[in-house]
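Following are the structures in question.
In the two assemblies presented below, subunit A is common to both, partnered first by subunit B and then by subunit C.
Now for the complex of A and B:
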């Protein structure tokens, strides 16, 4: 067991589909805020959370242009959490399931996100104090 | 470390993935040396019915050549020394208890689940 507290999160939901995604990110933020090291294993649709080509859009229904709408993007949330981790002296280790990335064609991830396999997830879980799975339903 | 994987949501993209993604994940982690158990509950108890057949899907000119074989995938986990438990009440509610079930499945009541959880270091509910 690691001496520093480490938590592993396994995420499964694709971006822009479920409130679970926001909740998961809030949990990541809270854990980093408290100085925990955090591992994330993104499985299935969750690998698209870090997709670099996500883009903001205007919203005619809201009557706002791109800048005004300032649409949230999960890739930016990840980058922001990584910055937050650095400020807090914590580690945020984000691993995308490689096969899940390939089948979705979302290989272009933001910097700091790496490709892995369930074996990496198992290793992260072994080195953590606890693991929380947030699956899609 | 021993981890119990609970699968309760069934047939989650099984046609597209040609397997259940959590059962597949368990296979992959087992291959990496993980000590695991699997508990099938809710609709996922259907995975232990031996005679299911998902073959034959055709969409336009596309025909699925490798349909999911969920019962075989579960049976294969058992052969890899991963105990697979199944909630008896959930089988009974679906009329599956009298059908042909996979060999090696451990049937258990809901009342036995807390004790099962106690046998594992972590419980991952998918």
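Now for the complex of A and C:
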């Protein structure tokens, strides 16, 4: 039986701001697609990636309503990644830094995302084949 | 011994950090490590034919594996045929493969 691989990704960017978020999600998808177990430790602005109250909006400049604009939301991407993990028989273990959550008032996360601390990040790294930190700069 | 995967996401024409990443790659190789450089996002702007990038040329000259993210190239309208020699167009899977093999991955 092949050895199960586990990768950890540490994310810092807030949603809707940087191409790094897109790249990070591509990395998560690629790892899950291979059946790897994936840990994510989100800290600072990245804890808002899974905020359940994210909402789509219309685009008055372009004359589009909410449905036409269909603005992408990072919480939906995370939910899709979790569904993909289940399809591939992999685990996506997503932990938000609790202190960072409280600072920003984004405690309502989507299902499957849990609250933790930097100690979780350390444990994740200890139990992974490799860890990639994607900082804001 | 696990290798080092350096991931460069910055435009080398506006960030000196990209040059430092290239220097680090060369120094790690000189120290006897396996090294690969993965260019992503604006990091791929250095691989266009005709672009001048002395530091990347040194990396290529050191026989370090240089990979350019296919998605980032497409986003920026850079066809594979326009990529300079010594650089391989690659999917982002290249990153997770090396991480699974225990390589040390460093993002800039």
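The definition used in the following text is that the second predicted complex is superposed on the first by the 134 of 137 C-alpha atoms of A that agree within 3 Å, B and C clash if a C-alpha of one lies under 4 Å from a C-alpha of the other, contacts with A are read in each partner's own complex, and residues count from 1 in each chain.
As a convention for this text, contacts are C-beta pairs under 8 Å (C-beta built on N, C-alpha and C of every residue); 3 or more make two chains touch, one makes a residue touch a chain.
Since this is a predicted model, take the numbers as computed values, not measurements.
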Subunit C versus subunit B on the shared subunit A, clash or fit after superposition: fit
Contacts of A:23 with subunit B and subunit C, given as first, second, both or neither: second
First (subunit B), second (subunit C), both or neither touched by A:7: second
Touching partner for A:31 - first (subunit B), second (subunit C), both, neither: second
Superposed arrangement, angle subtended at the Cα centre of subunit A by subunit B and subunit C, nearest 10 degrees: 60
First, second, both or neither for A:121, with subunit B first and subunit C second: first
Which superposed partner A:84 touches (first subunit B, second subunit C, both, neither): neither
Subunit B versus subunit C as contact partner of A:135, first or second or both or neither: both
Minimal inter-chain CA distance - subunit C and subunit B, angstrom: 5
Shared contact residues on subunit A - subunit B and subunit C: 130-131, 133, 135
Residues of subunit B that touch subunit A when the two form their complex: 1, 3, 9, 12-13, 21-22, 25, 28-29, 31-34, 122, 124-126
Sites on subunit A touched by subunit C in the complex: 5, 7, 19-20, 23, 26-27, 30-31, 33-34, 36, 129-135
Contact footprint of subunit A on subunit C as seen in their complex: 7, 9, 40-42, 71, 91-93, 95-96, 98-105, 107
Subunit B partner contacts - residues on subunit A that touch it in the complex: 10, 12, 43-44, 117-119, 121-123, 125-126, 130-131, 133, 135-137
